[in-house]
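Note that the chains take the letters A, B, C, D, E and F in the order they are written out, and that residue 1 is the start of every chain.
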């Protein structure tokens, strides 16, 4: 049992609310414990200059935190006039992950903009963003399908993410909240498809290292947690579920 | 009756949810029709350089919209690397308004940061921000009072804001939603105290003008609406209400 | 009588020098007491991207102060790499005001750039900018008319601005100079047309409020002052005067 | 055999030239095939503000490419006025990796700045940077030791990095050069210590995924390659080698 | 005789108006033909960080053009968010030139800020700036002397600047106006002291070259012109003139 | 004899290594004493917007220093988000100089980008950059000639640069290294063609002046040094040498 009262392989409670705001084609509020992220997917009928004429679409993601999403207030990145390295790293990760399960050829020359805005942070904001963004993108592309702008749902598989890590006492744990993340020696983010294949694997020892054995244990925890998450996602994309499972 | 089904002097339904996020000293989600703004007030135990040693506090505000708060997606200001003129204008307005009803001498060398983040926009985001921010600031200063860091609640009066305007057919109306705002010839924002005094008055004719008679009518509409809003605010600051009325 | 020796409803001496610099289509040096602003209007034969193909023109304004226009030197905004909120607020105000009296359809796909550069500041720089800019724009559009690029002068009315305010002792005064502005509890800028209609009304109490009665008194002072200013403007636009009065 | 003529588990030829420039405390030119990176380590006798008074040191890294390090010229990041997400991601990776093998408490309130500048790029610039930077840091800290500013070499282990990946035909390969990287479905960077523990693991499928089996194969290739690299590093830090092995 | 009606060694008419604006310690409007520059010298009672504790003062210069100082409107550098290379080059030149004739030790830990703002441009704005700035600095330091903050006028000599050039037909000319500058093959700016020594010499062939003979002729023209300018400057600094000639 | 052991008219040893990196059309490492600069010339098949349709080409230069090229580490300009005035001045100088000896009409609508990156600095980095850049440009244009994209080598003459200066004791010297540059009263950079004509002449007295006699002596030293440099350049452009001498 961890200090937070959870088992080492226990996820926090997860809730995914769809149609959260009214303008976005896909809009989700994902809650993972005390972490809350709004994931909006917007469809734009053109692609970035380097892709024009390719007949292919694009998915890109942006990530931000409200200044007081965290325990002490952070300076707004628009006020600083630049986006931090951490933010860039996260938004590149979200974008790459989504592109792995979307058939970009099938969406035509369109861009799907995914905006992940953290309302409240308690660890795991980047993995919650990916998990929520997947649902938002399914809804946005589902809307294109309903409007008959595309012929089938161009989603090749489920996609979700979770963090795993190693506590100072050497225990591997699943789904770190902030108090655990702050002291962990190793922090690993795993992005996986419904078929159990890896999309991204980012393991980091900050002033520490990890062994091959620890890696194996962490990956097992991640896989267990992700299987539970795919089920929660399935409920939120009912109308499109069948299309994904067929693909 | 307007196209939106409201009377010319009818407010949209307003809801103010307090303790919306867990970290901020004061946290409010204000809903005015389809406009939704998170207003977080954060207390920092220091003031900007130009005020150090003055013994006096400061209140400052920042305002932003999520990229897809609007019908079409806006580019994130952090990505553009600069804050737009519109945003600056609004955050200066919110800050000045709040400073008119807070006794800055009484809060000591502290800064209250007010963050207004628009989740969903349908007109009137700046006035909703002021109305919600007032409640968030009362909660944040109330917490200082409970922690005995200050001796009394340094709020001198209620504060709220509403928009009024003139439709192309010449009708003066209260509380413009986006479809009305987009076609209005005149748009005026009125910020008022509970005693009925003006804090800010910003009337603008975009490619149009307005007469003295129209001004009088608009101000009457604003006053009517603001009286209703003060009652809604009162419910959300119950524990502190008495302190404000005494002042 | 005020400390400055002026009556409460007395304007400072105003001078408007036309053809001040040689390159601009309209060039004015406006002097209001010790406040001096160069207002240059430049005509460009294209409009911003969002207006192309509309057949309509655009007017936009920029405002700046020389670093030593003020009592202590200000850091140059080009050195800071960004324009302050105050500057943005002012240049948006100037642009909107001018657009209210110019028939944008009639100028064709042209942009009028108005540059207001404060050489010396002693209060009221934004209102002096508007008053001077109107004359510069009339001259610039007058030149288009002489060159037969447009058929008539697309100016629908006179336009001028003045400040009014409330001193700490409660007196309402007209045309605040810097020493008055620095202590005033209320500061209001009024932009009006020759017909006496409002274009912009911006009243602000910095850490103070104002009543309906005070508003009425301030508006009366503003109207008196603006009538005098329209006469001064009339002398500077002699060749075009008739065209405006007809419209 | 790969198209490049190498075996699937064969490294490119690696050369590490020390004392490459004269000013830096540690200066290395690392050559990995056609990839060439200058790694300079500079010691500064102070730490960033957030660490002052902690008695602890810091290591931070910056990474850049000469505009024509690549096949087509890239715009200089100083000309663009901002650092790209890719650059930020890489410099954060290099810094974190080095901090895992340096005893920051033992270097006192000093900052080691590591500058990795890519002179010529042919794939694997970030892993070459880490491998070269380790040697530069050992030289820089060795100099501190010789000057008796620190008591022992505060390096806890060797550190090197290599890339592995999966070709479109499913083959796992070691040390991707650019032509391979451009077509690979999976790209993984492995940062490891001399004892064989992981410091960083970053596996990425761009529009693709990878299985657990592929992960295992890639990690085995990486380990084989890194063992060879540690031997090459050992030759370049002869005077300090014993100190590291003891720790 | 040149196309402009001037002799090859003839200056344009020069006028230097002192006390041009009221706030600056030294304020000059210099007119050279149709080129007009406001030169303000401001004294600040501190030096930049790198000079603190040195007991020595500093002079620094900034240069800008009003957007419509030129024939076609230039984008304001504050709007672009960065200062151009041309502007930087000029302001560094002005600063260096002034520092050559001011005894920085004698002014104490003070900074003299020199702001050269071009109101109207017709060639030679940088040389006019230097010539005018010298007078503004003498006035500003003269004021310090009158206030007994310094013991003597810390100016070691007169300072002025002029341009010379070579026309396409090979003629060397003095004081190029814009129409000449635009076609000249060689453009040289000469900054000289009253004793006839060089402070700066910047000769440039844009897509052209110049011979040693041409250099000699240009320098002779410059010297002739500068002698005339020193006389004009002398009239504007009457009260301080003696102090300079003694030094 | 100078403190550095060189005669007053003695150059440091110069080495120009061609084909230094593999991607650039022309790539040079120039070594002048301890100053080392990589000069890469890249050919792009288009010109900047203001030149499109002119049929003419363009040459532009960028200059940077590695952070630890100098004795103490400099902050990277990309991290600061802006290019310093010194850098801008230097890259404008390099670009102008090269344009003086290249027939821009003959290269067609192409841009030659010249990147001068200082690896190690010991004075004279801007002159070494020009000398090396000339060779890189000859190689890049030579490649165009070999590919028959142009008809003849569009180089009209040799081009090189050197610094001269005046030591505090009044001695004029050639080719200042850093220890001399730091104390020199006068610093002059001379850019010359093979025929002995001037392209650029930039003489600067920092808090000092220089006489006409000193100018003459410095120019003589520069000419002597440059003649030696042209010979060194000739060896590095053997295949193209004849083409230049004919022109």
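Here is the rule we use: contacts are C-beta pairs under 8 Å (C-beta built on N, C-alpha and C of every residue); 3 or more make two chains touch, one makes a residue touch a chain.
What you see is a predicted model, and the numbers here were worked out from it, not measured in a lab.
Undergrad: Just going by residue numbers, which of B-C, A-B or D-F has an interface where over half the contact pairs are the same as at A-D?
TA: Selected pair, repeating A-D: B-C.
Undergrad: Taking CA centroids for every chain, report which one is farthest away from chain C.
TA: Using the mean of the C-alpha atoms as each chain's centre, the farthest one from chain C is D.
Undergrad: Chain C to chain F: how many Å between their CA centres?
TA: Whole-Å distance between the two chain centres: 51.
Undergrad: Please work out the Cα centroid separation of chain E and chain F, and write it as a whole number of Å.
TA: 28
Undergrad: Centre to centre, by mean C-alpha position, how many angstrom separate chain C and chain E?
TA: 33
Undergrad: What parts of chain B, by residue number, touch at least two of the other chains?
TA: 81-82
Undergrad: Assign the assembly's chain-to-chain touch graph to one of these shapes: line, ring, star, complete, other.
TA: Its topology is that of a ring.
Undergrad: How would you write out the ring of chains in order, opening with chain E and then chain F?
TA: Moving around the ring in the direction of chain F from chain E, the order is E, F, D, A, B, C.
Undergrad: Would you pull the chain B residues touching chain C in the complex into a rising list?
TA: That would be residues 82, 84-86, 88-89, 91-92, 96, 99-100, 104, 188, 193, 195-212, 215, 219 of chain B.
Undergrad: Would you mind writing out the residues of chain F in touch with chain D in their complex?
TA: Against chain D, the touching part of chain F is residues 21-24, 27, 34, 36, 38, 40, 42, 44, 62, 64, 66-71, 73, 76-83, 87, 113, 115, 117, 119-120.
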